[in-house]
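What follows are several structures.
Look at the two complexes coming up: chain A is in both, with chain B in one and chain C in the other.
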Partner chain A sequence: MAVLKVLQKDELGKLLETLSNEFRIIAPVVRKYGKKERVEYHQVEDFSEIHLNRQPDTPPKKYFLPQNERLGEERSGEEVTETGDRKTLIFGVRSCDLSAIDILKPVFLDDDFTDTYFQNRLENTLMFGLGCSERQENCFCDSLGINPLGDENVPVYMHDDGERIWFEVKAKELEKFFTEFPDGDPKELEEKKNSWLEEFKKSAIEIGVPIPLPELVSFNAPFWKEVAANCLGCGVCTYYCPTCFCFGFFWEKREEEIDKWRTWDSCMFPLFTKHGSGHNPRETQDQRTRQRIMHKFSYHPSNFEGVPACSACGRCISQCPVNIDLRVILKTAEKYLDNQEGVKSSG
Partner chain B sequence: MGKYLLPYRGEILKITQETGSNLNIKTFRIRLKEEEERKKFKFLPGQFVELTVFGVGEAPFGFASSPTQEDYFDISIKETGLVTEAIHNMKEGGEIGIRGPYGNSFPYEEVKGKNLVFLAGGIGLAPLRSLINYVLDEKNRDQYGRVQMLLAFRSPEDMLYKYDFSQWEKSPNTTVKYTIDEECEGWVHCVGYPHELLNEELDLKEPDTVFFTCGPPIMIRFITDELKNSGIDPRDIITTLEMKMSCGLGKCGRCNIGRYYVCKDGPVFDLKQLEKMPAEF
Partner chain C sequence: MENKYLEISKKIQEESRKLLSEGKVERIIGFGRGEFTKEITPIFVSDPDRADELLFTPECDMMLAKYLLDYKGSKTGIVAKPCDTRAITVYLAEELIKREEVFIIGINDCEGLDDNDACEECGIRNPVVVDLEIGQPRKEEIDPEIKDELEEMTREERFEYFQKEFSRCIRCYACREACFVCTCDECFADSNQPQWVGASIGKRDNFTFHLMRAMHMAGRCINCGACEQACPEGINMRALTKHLYRVAKDVYQFEPGLDPEEKTLFATYKLNDSEQGFLD
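Up next, the complex of A and B:
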């Protein structure tokens, strides 16, 4: 049974202060880029900067798969994961981003080729979940079966009721950080959660498309040209995505040594699949958009127990410069498949 | 624990210029530097390896030698891009990075007792040579039935592994035929594209025959069509695909065809599997 604690918002600093003795604290903070303000996960020293009011613009994926990661010196070949001296605590991770890490796990922790870098970071990190008391800009996690108010895989799950932060402390070893704070009334929290869920239900959209999308029928469907017509191939959707994990390698000379690095890459880029011979299996933008959607909603769930490689955070929708909307693509696919006889039954 | 994304150190033992300057294919004989690592390195016909030119980059290549040859492996490389150009410029004794082996393999166990037909075009002979030399190895030869080969090249100048041919021809119950695209002086073998010659030059009707083909994509398509039209079961038509495999681990996202990753689920597929996959290769 979880211990339930309630903190006034101005008490958060005190909690984080003690946690920071043991952990490197990562939390959403406001960062300024010229006139633009963004909420991003960042290491925090000043806990008054923490901004829990809305979904961060970028996911915490970079703490498990860094955008640029030094793999080691290419010739002497020691594989080292640079994780720092303390464990990392990522504070206030919403259900979409928590689910996203779960989606990455079977890919990087498979028995054949365990990704030691990802594994080391995962083992060195814990996350405090944060429930959404209201729907965020373009998200629809509840339509993909994700609970916006809970996750069983995190040691602590938080709820923000506007005035106070509730902590469901599930891990025994973390209870010591909460002893000085008052207990919460489980019934009161339950009522709040129910009312928040009610609100979610009112704004829920139905994702009626079969998952996995049937591979050949969907692949050969004519609608890809239409839904990708505006796509610039900028790759923003993949860079903001909490589950996109395509990567490439690059090399950097450092004095006499050469370092091998891993970097995020994107299936939206035309050179991504281009062979040395000049042949390119995904030559046009609609083929690449098809790959991105099919990977998330057909290939990945086919390979990993029906789970789509999307946690419906909606960031690709919010950030797309030409307003391509994943919800519209899925609806288009649904309509098309509905008109194809026998598709749903044959899966 | 073995390495994961960083290469082991290898050395180039021997470089053979296979073709004229038109295709410019060289075969590199390579082995791991450390004896300990060499002992652990076991590959199967049909698998591939990632080779690193230090400071330049990494690229995937199929094994062109048989695993019965344990001390080293051969990789045949056409000069076509940054990494292949750098490898082509290397000298014997040069240092090279090795990651692998990766991928599935030709079904060399499952086809024991069967007749085998090899249909190769140009450098597509490289991955098949791994299996051919495995099957024709004295220790293995009696476990397989009749072996027929039709080896296609653009011109006599573009032939690979000429030094193997007499061995292959001498092997019991084995026939080897050669073809080039156009008639030329002094050429005594077949002329024409391999799919046009299949029925004429080979015995396709023998029961229990498995076909292995590799070459340019267009050749693979024509050959598989021709074989299917001749009534061959698609499960008995086996090919190996090439994609831009970068990680080799089924993760980096480049080489998938539908749900299958060529680097991990392939590169060897039979035609029945290919027919169920999206046409994206």
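Up next, the complex of A and C:
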């Protein structure tokens, strides 16, 4: 049974102060760049900076899969993995981003090949979840069966009711950080949760497309040209995606040693598939857009127990320079597949 | 929507419907609204019955001209702000598109767009090339100042400023893809034989990418601000390109995208050209 605590917002600093003795704290903070005001995850020292009011513009993916990562020196023998002295605590991670990490797990922790860099970070990181008390800009997690208040798999789950932060402390070993704070009334929280979920229902959209998307019929569908017609071909959707994990390697000479690096790559770039011969199997942008959607909604769920590689956070929609909408693409696919005989029944 | 923009939108719809049903163009490239986001998004209309989806508001900050390159060899109509017509003019001057393959529905008296700082520095408020004008042209000419912050900086300060700005770059290439000038079949950043710039997001590679991209902009950039509008990280990369724009204008009396017959800045050399370079 979880311990339930309620903190006034100005008490957060006190809690984080004590947590920071044991953990490196990562949390959403506001950053202003020119005319842009963004909420991003950063390591925080000044806890008054923490901003929980809305979904961060960037996912916390980089703390598990950094955009640039030195894998060590290229030589035979053991791979080098890093361990910090303090564990990392990522504070205020919403359901979409928690689900996204769960989506990455089976990819990187495969029995045949375990990615030790990812595994290492996962083992040294814990996350405090944060429920969404209202729908965020373009998200639709509930349409993909994700609970916006889903508190599974995290040691502590938080709820922000506007005035106070509720903490469901599920891990025994973390209870010591909360002893000085007052208990919350579980019934009161339950009522709040129900009313938040009711609000979510009102703005819900139905995504009725079969998942996994049937591979051949979807691949050969004519609508890809239409949905990708205005795509610029940049990598924003993939780089802001909490579940896109594709990367490339490169090697760099440093005096006598050669460093091996990996860096994020994007299926939206032509170079992603360009062969040494010059031939490119995905020559046009609609083919690349098809790959992004098919990977997320066909290949990934086919390989990993029906789970799509999308947690419906909506960042690809919010950040797209030309406002391409994943929901519209899924709806277009749904409409097309509805008219294809035998698709619905065979799944 | 304000009355003025409602009227513009209606006129665009009306004319587009006519053009499409008379078969004068195969499609119209214009602006529409997203089903769920309600945000502006570029749309391609070829069915006259869908002409009502076209609209124009001060939110229409995307540059549409680049899409013309996807439809070479057929007749395409395009809803064009004055800056779009300048981009089209550059394409015509560089012979990237044929005049007879585009039908330009030009917006007169552009008041500038929401949230695009570049509009405050723009003196071209009527279309440069046009087949059909929407609204009345603006009569009085303006020549706003280009706020060139590099002017005030020493070389060291510039270096430090850009190191800081570009450190946030995630190399998504949204700036490049949104820029109508970036039309290379293969960008130097995508070349791996030879590799001009590394794939990493380190300071060195980010700096190299932005500087090399900017050097392709001199005399071609029209200071439309599409790069900054597209950048998800809010990087002030226009500080570089508007400097190039200002130098081309002040030192070489050259403003790109005003005359389809004009030779590009780098294709001309005059004996009395200034010795001043673009980075001085």
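Basically, the second predicted complex is superposed on the first by the 343 of 347 C-alpha atoms of A that agree within 3 Å, B and C clash if a C-alpha of one lies under 4 Å from a C-alpha of the other, contacts with A are read in each partner's own complex, and residues count from 1 in each chain.
We take it that contacts are C-beta pairs under 8 Å (C-beta built on N, C-alpha and C of every residue); 3 or more make two chains touch, one makes a residue touch a chain.
Here the structure is a predicted model, which means the values were calculated and not measured.
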item	value
Overlay on chain A: chain C relative to chain B, clash or fit	fit
Contacts of A:Arg121 with chain B and chain C, given as first, second, both or neither	neither
Touched partner set for A:Asn230, first chain B, second chain C, both or neither	second
Touching partner for A:His159 - first (chain B), second (chain C), both, neither	neither
Chain A: partner with more touched residues, chain B or chain C	B
Contacts of A:Gly34 with chain B and chain C, given as first, second, both or neither	second
Partner chain(s) touched by A:Arg135 [first = chain B, second = chain C, both, neither]	neither
First, second, both or neither for A:Gly248, with chain B first and chain C second	both
Touched partner set for A:Lys5, first chain B, second chain C, both or neither	neither
First, second, both or neither for A:Lys260, with chain B first and chain C second	first
First (chain B), second (chain C), both or neither touched by A:Asp112	first
After fitting on chain A: smallest Cα gap, chain B-chain C, Å	6
Shared chain A contacts, counted only where both chain B and chain C touch the same residue	248, 265
Chain A residues touching chain B - in the complex, by the definition given at the top	71-75, 77-79, 107-108, 110, 112-117, 215-216, 219-220, 245-249, 251, 253, 258, 260, 262, 265, 267, 272-277, 279, 281-282, 287, 291, 294-295, 298-299, 302-303
Residue ranges of chain C touching chain A (in the complex, touch as defined)	34-37, 39-44, 62, 67, 70, 115, 117, 168, 170-174, 176-178, 190, 192, 198-202, 228-230, 232-236
Chain A - residues contacting chain C, complex	33-36, 38, 57, 67-68, 138, 205, 229-230, 232-236, 239-240, 248, 250, 252, 261, 263, 265-266, 269-271, 317, 319, 321-325, 327-328, 331
Partner chain A, residues of chain B touching it in the complex	1, 3-9, 52, 54-59, 80-81, 83-84, 95, 97, 217, 242-244, 246-247, 249-259, 264, 276, 278, 280-281
